[in-house]
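Listed next: structures, encoded as structure tokens.
Shared between the two complexes below is subunit A, which has subunit B as its partner in the first and subunit C in the second.
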Partner chain A sequence: MKKGLVIIGAGIIGVMTALNLVEKGYRDIVIVEKKYPGSGGSFRCATGIRASFTSLEHVELMKRSIQLWPLLSEKYNIPYARHGYVWLFTREEDLEMFRCIVDFHNKNGVPTRIVSPEEIAELVPTIKTDQLVGGVYDPLAGKASCFKALLNPLAYILRKGVKLVESTTVYKVLIESGRARGVLTDKGVIEADKVLVAAGYGSKKILRESIGVDLGLRNIPKHALITEGYQGVFKPLLIDWETSSYIVQVLHGGFLIGSSLPEEPDKPPRSRLKYPVKAVNVWIRYFPWLAYTNIMRYWTGYYVMTPDHHPLIGPLSTVENLYIATGFSGHGFMMSPAVGEVMANYILGEKPNVPLVEHLLPDRIIKGRLVKEIAVFG
Partner chain B sequence: MPGSSYRIVEHPVISFKRGRRVVFYYNDRPVEAYIGETILAALYAAGYRVFSYSLDGKRPRGAFCMIGKCGSCLSIVDGVPNTRICIEPVREGVRVYRQEGLPTAPLSKNVVEPVEWEEAEADALIIGGGPAGLIAAKTLGELGLDVVVVDDQPRLGGQLVKQTHRFFGSREYWGGIRGYVIAEKLAREIMGMKNVRVILQGYAYGIYSDNRVGVAVRNPLKHVIVKPKMILAGTGACEKTLWFENNDLPGIMGAGGAQTLMNEYGVRPGDEALVIGSGNVGLIVTYQLLQAGVRVKGLAEIMDHIGGWFVHAAKIRRLGVEFYFKHTIIKAIGSDRVEKAVIAEMDENYQPIPGSEKVFDVDLVLLAVGLQPNYSLFSQAGAAMKYVPELGGLVPVRTWFMETSIPGLYVAGDSSGVEEATTAFIEGEIAALSIALRLGAGNRGVLIEKRRKLLDYLWKEYRQSPVVSRARMGKLKVTVSEEEMEKIRRGEA
Partner chain C sequence: MDPRKVIICRCENVTLADLEEAIEKGYRDLESLKRYLRIGMGPCQGMHCLLFTAKYLARRLGKSVEEVYLPRNRVPLNPVPARYFIRRDWREMTG
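Up next is the complex of A and B:
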């Protein structure tokens, strides 16, 4: 049976795209998922949401997302809170650099500001500020439940007639005379008019098999851990700039820590003892009591990186009816509401709701038109 | 009621040696205890039954597993929340508070205590000091290998320490000896070997990429990073629960939980009990309840026949315990502890037959409905796993020599699929011999011959008995040849 649209991947991007299409009345969709919904990056993420980026493309996309998050939260009962981000600096030169970034933000409608160690202590109860020279506060930033954000809209679109096929791997997009016509899976062919590749870490391989190039995608292994749950201690997500680490008390109470370790791209992630050791050591300097909490889980996942750390979103000019939404470089969760919206625009032949995303068309990689962004953490 | 004592003074089999008397504080009230007891055992002896409240703060939770596997006794000990008091030894003056709902973070701790770090090398690391681990430690220790044994409990022996009955089977596999006596004997032998190091209250929290294993040790705090050449994990199993109304009421306990209280700590788990499940665990625990002075008002079994060995059943029947076949529990009643339990007869679709309900006035309901392997270390390490209902749940796929798909990581005992102590001993020894052969210890021919005999006995005799056919089927489903395992490792199977 031929479908209108096949979405490869039931991650937050695939689901949000389908949600927007359903809301616009387009329901002839099948989502093909290798394992189970959320099993890729989406359930492994740190749930952080911010518009304080250093490129206009990111800022515009995220401003739209931050308009949408509260609406989605209301409509689909997704826990979401505008609890802010605080960047912590232990070196003067980092603080200096951020003064320019804050200027850039403020000019573009993102209300970040430089804060003193005293203000940090007020924003972040119990933090030890003795090593800090200052910070940057982003009150517009926030967090949401990554589980509810995916599962609640998914339940809704399934009720509306969208099909979900789980435990099925897509090998490649079938292309005939320059036009997508379906996908080949380990369980057979699914025919469709249009195909969206939203397969997270799996996109690289699918693209290579389908169009011969991987558009510069690289899967970088990342590590995260979470403690058992506690009552609220501090609200903002904190970034320790010097060690490229973050900590956030997620909405269900655990402290989630991410911290970067040098990793080779495209290697299967491995759990390393070094990781919890580093993660804990960074944060017990700020929060000694954290040493008395229990780590509940440690997991790995991928940041799907592009050469310019900006996502690939939109149609591919060389293959008709083939769409791509991947390469979120560690920020796909926060962007998903706006990305879902613009992908629905593209698929329905409309102009994207956020005009600047036209700079993020996948072809730019082949054409060498890269966008610049420096703020990537963890 | 707090204040009255549930400590057992006279017992037909065990004589309880209690340590020095100390006093600690529970919710600011003094509680008497003896060194060697856990906090929960002492509280239970004093009559406490509610040890925490559910995350929404509304439902009381009592003791359930008593071996640090479930979350129903999470408490605040010396300012540290989420401490499992069922495995936390009492100390003079320690302050313990009941946790009600999501705890506050331990904010009163504003200094990081220095924790000693140690990196230890070993030929073999054995995680879990139950029957599988103990026999492996002995085998490898006698071959002169450097062995580290880690167990999260305050003493060695695993579930053997609470088995007061005599084991069946041939003398060679401890037939006729009581479980805890075997544990004591093996523990003594192992502790006496210079090349075997035992770390108690040590939690092996992960097996990492370069074959390093992190061990968090309590009392005193220490972080030991073990870098072994080979690992045997015999992490045991934990009790399953059942679905019925109010199944979380204090007084509803895993059968093993009750055994820990009465047989290890000499604390009577209740006055009047109902037991659910007539497998060997249910039968044995019923007998032990009687020995501990608990009245057993009935034993419900959902099947129409006894699940365990007939001799055990005959023994408790002679003592007047009533069996209810084709019955199971459908409801517990009580406000903050069990006061009544309701069982009902099941129709052929295992649905309760209306009007068949029977109500028991009991303060203890023991669930003896099977165990689930403690698989988390294996899946954390990335071993190929399989869900096998006959074995109680998720278990690692292994070769006939007990090696998992992670080269050098072996499994034995209940964590390889729930059976019982005898098979745990045999699997532990097979794994140990395989490790020794890998490391080139001992006389190769002798070890191979010994292993062959064990394998023969295990598969061609012991597991041939119809009583264990289910477990045998289960084990066959996850045991593969060396060639097959290589395929799994290469991702081809």
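Up next is the complex of A and C:
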């Protein structure tokens, strides 16, 4: 098989990139997937979407994403709602720190604001606010269905002629005189003019095997559970800052709770039985009725972290026609519309639509020029 | 029998007509059908619908049931009330 572009990984990043290319008339694409579409982080994610980050790179990328989410939602029938985020603080010093962050947001077009416990009670029906000193509300934030966000655009691009090869592992990118020329898989070689590595943590091994470069990715185990579906109780996604946990009533009605436990990077999670204990006890302090919900499913996933918690997006300077989009550090789903757009720009030889993403080129890891971001939750 | 009246997933209220439509749209493996239709994502965790769908899909696509493999079941297999996990020492326990 000879193609224009091979995308390694049928996660949300690979699919959104292919979608943008198809919409610009570029269809000579094959997506190679190790298991099935969405089987890595995309289908395990919390589905939250926000621009309230603490670096300008993240803020600009996410502002573009939030412009695109409603358009995608309408075009591809993806459930999406701008239901907001509320950060909850039990300690005065955390609220103080966030005053500066809110200033930073407001200066850069993100309309967050400090809210009192009384305002939180209005935004979040049934919440007990007696331990709270305050919070931060981000009305621009929201949530979407991670299943439909991937499956519907995928079905569309497959109809337009994009090929999907499932249950196929890519071993390495084939390189000839400094240019990518295809990939070697467990089922043979796929030749192509260009290669995009969007394989999450798997990108690390592929790039090590191909060009001997270590992207510095770490796979951090994370835990999540969801209750049975209920009628709408509260709309925003809530973050308990003190315990780094979140709860969101997903659009289908279940309460999804995510949190971290002490785990070793790059290894499977171990503290499985402890997880529901943490999830339930953190959140019944705010919602006593949660005790009477039924926990339906519990799963684990990974945040693919980079040394500076910012994604690696763009071409590599050392190999022609080789592109990377990985290391989203827990934010790949929310960023995927904007990332798909800028990756399509790069692949077609255009300037990225969000200029600041040029700070996120993968070369920065190799050269040691890192970007700063502190807000990673769950 | 009218496929619109054959319920294949009682938790999520999915009919045989929905399944046929999804297969026509190109969702041809259980993992995608599960996410697209939500079969197997309700309280029964797929104990009824997924087996039925696997058999139906295999017959429809001329494959064996093994080939249209079953998605992994997640714990707990039956819904568990959250109150069973309430503990006074949860902070010490969960680090």
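Just so it is clear, the second predicted complex is superposed on the first by the 375 of 378 C-alpha atoms of A that agree within 3 Å, B and C clash if a C-alpha of one lies under 4 Å from a C-alpha of the other, contacts with A are read in each partner's own complex, and residues count from 1 in each chain.
The rule is short, and it goes like this: a contact is a pair of C-beta atoms (placed from the backbone, for glycine too) under 8 Å apart; a residue touches a chain by one contact, two chains touch by 3 or more.
What you see is a predicted model, and the numbers here were worked out from it, not measured in a lab.
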With the two complexes superposed on chain A, say which partner A:I284 touches: subunit B (first), subunit C (second), both, or neither. both
Between subunit B (first) and subunit C (second), which does A:R270 come into contact with in this model arrangement: first, second, both, or neither? first
With both structures fitted on chain A, tell me whether subunit B or subunit C touches more of subunit A's residues. C
Subunit B versus subunit C as contact partner of A:G253, first or second or both or neither: first
Is A:L261 touching the first partner subunit B, the second partner subunit C, both, or neither of them? second
Between subunit B (first) and subunit C (second), which, if any, makes contact with A:Y292: first, second, both or neither? both
Does the superposition put A:E228 against subunit B (first), subunit C (second), both, or neither? both
Subunit B and subunit C footprints on subunit A meet at residues 228-229, 271-272, 276, 284, 290-295, 298
Under the definition above, what is the set of subunit A residues touching subunit B in their complex? 126, 228-231, 233, 253, 270-273, 276, 284, 288-295, 298
Please name which positions on subunit B make contact with subunit A in the complex. 55, 79-82, 102-113, 205-206, 208-210, 212, 214, 225, 380, 382
What residues of subunit A sit close enough to touch subunit C in their complex? 36-39, 43, 147-148, 151, 155, 158-159, 166, 227-229, 252, 261-262, 271-272, 274-281, 284, 290-299
Would you pull the subunit C residues touching subunit A in the complex into a rising list? 25-27, 29, 31-32, 35-36, 38, 41-43, 45, 74-76, 79-83, 85-87, 90-91, 93-95
